[in-house]
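Notes to accompany the following structure.
A, B, C, D and E are the chain letters, set down in written order, and residue numbers restart from 1 in every chain.
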Amino acid sequence: MTEVLIYIGLALIGLGAVSDLIAAIGMNRFKNFYLRLHAATIGTIWGAFVPIIGASLVAIGYEPLGYYRWFVAGAGFVAALLVLILAPAGSHALARATHRARIVRVEPCIADHLDETMCIKGGSE
Amino acid sequence: MIDPVTYMLTLIILCMVVNLGIALYGIFFRPSLVKKIIAVTILGDTANTFAIMLGYRRWLSPEKPSIPPVLLNYANATKEALAEFSARAVDPLPQALVLTAIVIGLAVTLFLVFLTLQIHRLYGTTDVREIRKLRG
Amino acid sequence: MDIVVTSITFLIPIFLLAFILYIIRAIKGPTISDQVLAIDAMTYDVAAFLVVLSIYLRIPILTATAIVLALWIYALDIYIAKYLEKRELGE
Amino acid sequence: MKHAIAVLSIVLFVLAMSLLLTVAGGLYIPSISVRPLAELYLNTTYNPWNREFTALSPEGVTAIVWDYRGLDTVFETTVFYLAIIASIAIARGIRKYSALPGKELGLSLIVRTVTRITTTLIVAVAISIALHGHLTPGGGFQGGATAAVAPLLILVAFSHYFLLKRGVSKDLMLVIRSLGLAGIGIVAIATYLVAVASGLPGFVLQNQPKPLSPVNLPAYLGGQLISGTLWFFNIFEFFAVMAGFTIVFLLLAIPERIARGGGEK
Amino acid sequence: MIDPQVLVLGIGALAALASVVAVYFAVIERNLVRAVVFSAIQSTLYALLYYILMAPDIVLVYVPVAVGLYPAVILFLISKTEREEKP
């Protein structure tokens, strides 16, 4: 039983690590802020939530931690829950403020339904 | 032969020395008072890191890392567990001093923030060169 | 050799590589929003990393730091967002 | 581009210089053992077999902060108190408002809802950190600094008026803060007063019984380890630090327009 | 197999090196809001460094103070005074 938990947990940590790397590459490759928002969401949910859940599962089945493995698992689940609640809200606040403060211009832009004046049709491309 | 552990520890200490130098440059040569406050906080954090480095200890063996000064399983602690704890735990004294220093550093920074705010209300600027000019 | 320790030894470099890439974007970012977004992702990455590392080192007591780290970076988002949106933070 | 070259040269300098210092071996480096004083602290922080010196707290840092070096911390609390009082003194003369704006201010609905949930979680985490300060990492300073983020988050995500409407004012926080400081003082001299009243020698800030003075606060309360004075000190320091920071943030959050006297009186 | 001590201290050394870059830009940058953001990067890296140096107490007090309170206080100050540092 404990071996199954450890293998599932390790698989989740590995999945999280790979997703984190992909998101970090995307963070550097995407062209503007609104596209990077997508990479950041991948990096927080798949790159932080999933590995913390995996680590909690590993901790439940991992004997050397002894009696304190329930502490690790509990703290891990609380941290995962916090990431799940807070990361989207933070990204939302940042995106909304960035759009309202008009500090990021998207070129070329197809349509901007929130604020038509920010959209410059037929930009550099 | 280079010991990699010694290299890593030296690298951390030297990075802190460089940070200290850059923060001192910010305090002495940047004109804005806000920038001076930011540099002062960085200086304080770096000094705290030095204190914590003093209390660190190397690992006993690869299977026995050094541990924080917190005794686990205290309810059924034996004398052997206690001996192993004092053989592996890091020095708690610098941590205790740094703990209070951080909170008091924030309180003193708040005081500096209020002073800067009052200077801006009186003189209309936070640039030290202009403040000096205004006072003759 | 322990399967958990062996696997985590191989997974840590992947986390570190992502961490370095996030730092590059956080330093370089053309606007403030890009920087804050990169710090955001970097800190959640670090929080996950701390939990994994506490299992790797077998020191369970270190896990509590991850909760604190996950909580506070949200505060930084809110402060920067409020500053960009309103200019006056108090109202 | 100029900055990139400067940063690269600094990093390369650090890497090369530390290599040089490693080969030369002249720098202080942490060794495999700690100082004899630290050995003493680690050996006696939780040691039921050595009741003369032990603090009976599994957490070394909290034991040093409030037991071995307790007097230092009391004076540091005084410095903290004076810094906050100095800030309030500089900010004197700020106008009060009679009428609060009725409309909703602040960030979007999503952020406000999440902040409502988060603030509860923050206070819960802070109280847990402060109450378990003598068992796991944490304590009064950590819990207080953690709890002080909650009002700041509300100030930013809602508005300055949101807290004022719910009665969280500067004066209330001053009262809480004074109560916390008074509690620290009472716990510090409680053992001394009891010892003097019963005609025994006693110490200020005493935790566990010492060879000369047998008076102490109980180490166990209802079967749970509370480590004598440490638990009470942590609770009172939590209130003092949290309320102290909240006062300053309330003053700092007053909009500049009103602070300069241009707004409503 | 790599020595775990070297691996763990290597993470700390990486955090320290990155913090040098963040501190450099925090002091050099003229836009004060960006300087605050750089100092937040430095705080996060220092928190990781304190974790590696086995000080969970310091992490618990440093993260709320340096990530949760310092940026807000300095942003309050910037929003009430000046946004740019004059050359």
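Just so it is clear, a residue touches a chain if its C-beta (ideal position, glycine included) is under 8 Å from a C-beta of that chain, and two chains touch if they have at least 3 such contacts.
Being a predicted model, the structure only gives us computed values, none of them experimental.
Engineer: Identify the chains in contact with chain A as well as chain C, in label order.
Structural biologist: B, D
Engineer: From the C-alpha centres, identify the chain that is farthest from chain B.
Structural biologist: Comparing chain centres, A lies farthest from chain B.
Engineer: Determine which of the two chain pairs, B-E or A-B, is joined by the larger number of C-beta pairs in contact.
Structural biologist: It is B-E, judged by the count of C-beta pairs in contact.
Engineer: Name the chain whose C-alpha centroid is farthest from the C-alpha centroid of chain C.
Structural biologist: It is D.
Engineer: If you average the CA atoms of chain C and of chain D, how many Å lie between those two points?
Structural biologist: Each chain reduced to its C-alpha mean, chain C and chain D end up 24 Å apart.
Engineer: What is the distance, in whole Å, between the centres of chain B and chain C, each centre taken as the mean of its C-alpha atoms?
Structural biologist: 20
Engineer: Between chain B and chain D, what's the gap in Å when you average each chain's C-alpha atoms?
Structural biologist: 16
Engineer: Express in whole angstrom the distance between the two chain centres, defined as the mean CA positions of chain A and chain D.
Structural biologist: 31
Engineer: By the touch rule stated above, which residues of chain A touch at least two different other chains?
Structural biologist: Touching at least two other chains: 68, 82, 86, 89, 93, 96-97.
Engineer: Counting only residues that touch at least two other chains, what does the list for chain C look like?
Structural biologist: Residues 19, 32, 36, 57-62, 64-65, 67-68, 71-75, 78-83, 85, 88-90 of chain C touch two or more partner chains.
Engineer: For chain E, jot down the residues that touch at least 2 other chains.
Structural biologist: Residue numbers touching two or more other chains: 4, 8, 17, 20-21, 24-25, 54, 56-57, 59-61, 64-65, 68-69, 72-73, 76, 78-80.
Engineer: If I apply the definition of touch given earlier, which pairs of chains qualify?
Structural biologist: Once each pair is checked, the touching ones are A-B, A-C, A-D, B-C, B-D, B-E, C-D, C-E, D-E.
Engineer: What does chain C use to touch chain B in their complex?
Structural biologist: Result: residues 57-62 of chain C touch chain B.
Engineer: Inside the complex, what are the residues of chain A that reach chain B?
Structural biologist: Residue list for chain A touching chain B: 66-68.
Engineer: Chain A touches which residues of chain C in the complex?
Structural biologist: 2-4, 7-8, 11, 14-15, 17-19, 21-22, 24-25, 31-34, 36-38, 40-41, 44-45, 47-48, 51-52, 54-55, 58, 60-61, 63-64, 66-67, 70-71, 73-74, 77-78, 80-85
Engineer: Across the complex, what residues on chain D touch chain A?
Structural biologist: For this pair, the touching residues of chain D are 107-108, 110-111, 114, 117-118, 121.
Engineer: Which residues of chain B touch chain A in their complex?
Structural biologist: Going through chain B, the ones touching chain A are 72-73.
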